[in-house]
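These notes open a run of structures that come right after.
After this come two complexes, each holding subunit A, first together with subunit B and then together with subunit C.
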Partner chain A sequence: MALLETRMLSKSFGGLRAIQQLEMDVEEGSIHGLIGPNGSGKSTFFNLVTGVYKTDPGSVVRFAGEDITNFEAHEIGRRGVARTFQLLRLFSEMTVLQNLLVGYHTHTKYAAAAPIFRPRSVVRADQEASESMFELLSIIGLAEFADMPAGELSGGQRRLLSLGRAMAMRPKLLMLDEPAAGLSPTNVDVLMGIVLDLKKRYGLTLLIVEHILKVVMDTCDRVTVLDHGQKIGEGAPHEVKDDHAVVEAYLGKEMSDEEVRAAFAKAAR
Partner chain B sequence: MEALLGFLIFGVTIGVVYGIVALGISLIYTGLDIVHFAHGEIYMFGAFLGLVFAHQYNVPYWLAILCAMIVTGLLGIVIERVFYRRLTRAGGGYTVAGMGMIICGFGMSVVLQNIAFLIWGADAEPFPVNFGMPYQIGEIFLPKSYVATAVAALVLMGGLHVFLKKTKIGLAVRAVAQNKDIAFLMGINVPLMISLIFGVACAIAAAAGVLIGPMQSVQVEMGYLMLMKAFAAAVVGGFGSLPGAILGGLLVGIFENLGAAYISGSHKDIYAFLLLILVLMFRPQGLFGVEAKVKA
Partner chain C sequence: MNLVVTLQGVGGFFGRMERTHPLLPWLLAIVALLPLPLILSGLFNDYYVYLANRICIFIMLSVGLNIVKGFCGQVTVGHVGLYAIGAVTAAILSTNFGFSFWMTLPAAIFIAGLAGVVVGVPSFRLEGAYLALATLGLGESVRIMISVTPYLGSSTGLGGIPAPSAFGFTFDNFTRYYYLVMPIALVGIYLSFAILRSATGRAFQAIREDTIAAAAAGINVRKYKLLAFVISAMYAGCAGAMFAHMRPGYIHHNNFTIIEMVTLLLMIVLGGIGHVWGGVIGAIIVTIIYDQTKDFYFYQPLLFGSSMVLLVIFMPQGIGGLIDRYIVTQRFIDARREAGDGTS
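On to the complex of A and B.
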């Protein structure tokens, strides 16, 4: 069954059609890759699904069978869609643990004033919260930094924390925006190892935008290729790799020398 | 010596009131990225509402503070929902919409002042509250109203601190203050949190109004000078810093009363702004302020 479905998904910014009638299914429990050259609409797609942008009329986004088209971002988040950002964007003035609790607390149910009087139910809920957050922290390897301000972490640790923060929302669908960008090959392997571990433990469905083709080819079950807001290819990684249209989109004749160089640099990294 | 102590005691008392108004201004600034120029009028409305509750409905003074806080908080939420929201939707304080927001705040201040004028008239209304005889420590008389004010202000600050640091809604408010887009994606109802921030900020301004009522009197134009002083307090302490707002309020209160004691009482209002200018010259980020608020 498809966890995330889009039908006739479109988005225009003035005259620019960033996404055009995109039909895409992300199967439950799968790892779905989304690739395409710069400006092909990957980020717009993320923003449409998470409710940051409003879709054009006629578009439909369904999550777990429910029509969530144009829901507010926080409502979509609560239904189980979480994402990371290429630029991480952590709450840098909060501690590592608090960064996670922001996401986690959207699920805890107790009255606003209750923590001040601390009835037993709140104590228990808070205990559960910190236990499950410490479990998460030890998976991503940041348990010893729980009380450190997020702004003081190293680059790699911040990336792990952004992953943890998304996981704290206990999502069904985790959307990763270029998780491996700027990491060394060893660290990419470590990170993807953690991601796969999380997937197995929590039964996630993953949607990954990634420029490093090796990551996509190695981990994804299925890949969708976008170009100019349209789907130009879809299938298993090896099928997509041999697809003529896809190769042309990445390395095609119509690209300027500069773009080709950039594409090569990205693919070779 | 006694006279100096008297000035100091009054300075501290008025200072904590400046501090809690500044606290509201800082809270709105951190939460919404806007400077709320109608906050003085919110404070004035709170004072009048406290007077109405205490004298027309004969509720006890402390309950009048609470009632005024609730009603003014709700008024603040209505103002935010109806007028400010459209502008904050378009972007916060660092955008063109943020500039519009400031002008909208000025306009709101004129509108609120005139509404208050229509309801309560232009005369200064006395707000007598019987606190009983002042405490006497040696030669020093300490009016109970001052003590009550300081205690009430401490309770408010403590309450706000616990709310922001210990509750999950406080955590959500801080997340909204740091980054609204991300907070939204993390499942936080950002518009609701912004209403809440606004309501709380207006409620504590109302408390300040009811606290200061018995010391001075309640009048339609009382908000203007308070806004200026609270603004000075917020800048002195560091804009956007909540402990800074309190400390700034205390400094402004003490500074202007020492000035009144040693230099001249008739130019009392100058000293607060003198302090403001000094702080801006030598430590422009304020005592607790961050260098500059950079948004991701």
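On to the complex of A and C.
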């Protein structure tokens, strides 16, 4: 069954059609990769699904069978869609633990006014939340930094924290926007190891945007390729890799001898 | 160094008491502050007790402003307007309708809270300086409303506001009034801490740090922005009622000018934006400076404006931030020493 479905998903910014009638299914329990050259609409797709942007009329986004098109971002988050951001967007002045607790917000069991007198129920709920967040911190390997402001972490640790914050929401669908960008090859392996561990542990469905093709090819069950906001290929990683249109989108069209000669002549002039 | 040790000692002491019972340190603080008016009037004179009352009122204002500006990151310059609404509500209800302080206080808090909704709604669409301008407009229009409406006081102001009384005891001089406003101010500080450390406080901070990420984490950004505005407006309304009922029981629209707003902003900038104790320390220091420079009335705006600019440039974190940094640095040095690779 498809956990996330989009039908006729479109988004224009003025004259620029960032996403055009995109139809995509993310199967429950799968790892779905989303690739494409810069500006092909991957991040726009994320922002449309998570409610950061409003879609154009006619678009439909369904999550777990429910129509969530143009819901407010927090409504979508509440339903079990968590995401990370390309630029991380951590709460830098808050501590590592607090960052996770914000992610856990929707699971806090007391009303907004209850903490005023700190009855035992609130103290207990806060303790439980902290404990389960510490469990998550030890999975992502940041337990010893719990009380450090998030802004003081290293680049790799920040990426892990943004993953942890999304996981603190106890999501069904985890959407990762370039999780491995800027990491060294060793750290990429560590990170993907943690991601796969989390998936197994919590029965996640993953949707990954990634530029490092090795990550996509090694981990994904299914890959969708975008170019200029359109789907130009879909299938298992090895199928996509050999797809003519995909290669063309990434590397450009193969030129005939005539064309090469013409290009050289033009350059020499 | 010594300051850090003292602060850590005090912090640890409070922490231990709090673990015994969360309200224990606050009750002790009330007890410890009880003899203050006697000391002040004994050493100086009654005027300083009046100053202590004023400080308590400004603590309510600055702690409240810190919730919306410090925790939630929404720049508002209309806080004095809400303070005015609280004061006028209390004044009219008590003089025209004969309500007692115990009725006018909740009424002022409620009405100011409603006004807080109006001030908060622009924050859905505006940010930073634009939001500041919108709220400034709202705050000033409240003052102008008051200054032109005879029913609300206009140029003569509203007088004859009765002193509060309870069980035959009337809070009709500054020493007595202190025993009313000091506990209220402490309750205000306590509530502010309770909010900060709860899920609600974390939601406020998340919105301050990154609105989009907060929404993605399932936080209803509009709801919490509005909640922050309403809570801080309720603080202002409470402060307004406390001000209206203080001797001589007279309010005038000149009490709610933009100068007061700058003074208030200076308090939380000096104390440290986002630090609850910072707001308290700022309120104490700035109220005293304001009072001591009253002879140079015309130069006060210049003094306060320029000190604000200097603070923002040279000490943007305020006193609270400096203390925080001291403690963090000290903790780091201690940890290094324990690890055994310290250089000293």
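Operating definition for what follows: the second predicted complex is superposed on the first by the 253 of 269 C-alpha atoms of A that agree within 3 Å, B and C clash if a C-alpha of one lies under 4 Å from a C-alpha of the other, contacts with A are read in each partner's own complex, and residues count from 1 in each chain.
Please note the rule applied: a contact is a pair of C-beta atoms (placed from the backbone, for glycine too) under 8 Å apart; a residue touches a chain by one contact, two chains touch by 3 or more.
Predicted, not measured: the structure shown is a model, and the values here were computed from it.
Superposition of the two structures on subunit A shows subunit C clashing with subunit B. When the two complexes are overlaid on their common chain A, residue A:T50 makes contact with subunit B and with subunit C alike.
Contacts of A:S30 after superposition on the shared chain: neither subunit B nor subunit C is touched. Contacts of A:S10 after superposition: neither subunit B nor subunit C is touched. In the superposition on chain A, contact of A:E93 is made with both subunit B and subunit C.
In the superposition on chain A, contact of A:G77 is made with both subunit B and subunit C. Contacts of A:H105 after superposition on the shared chain: both subunit B and subunit C are touched.
In the superposed model, A:S59 lies in contact with neither subunit B nor subunit C.
Under the contact criterion defined above, the residues of subunit A that touch both subunit B in one complex and subunit C in the other are 50-52, 72-74, 77-78, 82-83, 85, 89, 91-94, 98, 101-103, 105-106, 108, 112, 115-116, 165, 169.
Contact residues on subunit C toward subunit A in their complex (touch as defined above): 22, 191, 194-195, 197-200, 202-203, 205-206, 208-210, 212-221, 227. Subunit B contributes residues 162-163, 166-169, 171-172, 174-175, 178-179, 181-190, 296 to its touches with subunit A in the complex.
Every residue of subunit A that touches subunit B in the complex is listed here, in rising order: 50-52, 72-74, 77-78, 82-83, 85, 87, 89, 91-94, 98, 101-103, 105-106, 108, 112-113, 115-116, 165, 169. For subunit A in complex with subunit C, the residues that touch the partner chain are 50-52, 72-74, 77-78, 82-83, 85, 89-94, 98, 101-103, 105-106, 108, 110, 112, 114-118, 122, 126, 165, 168-169.
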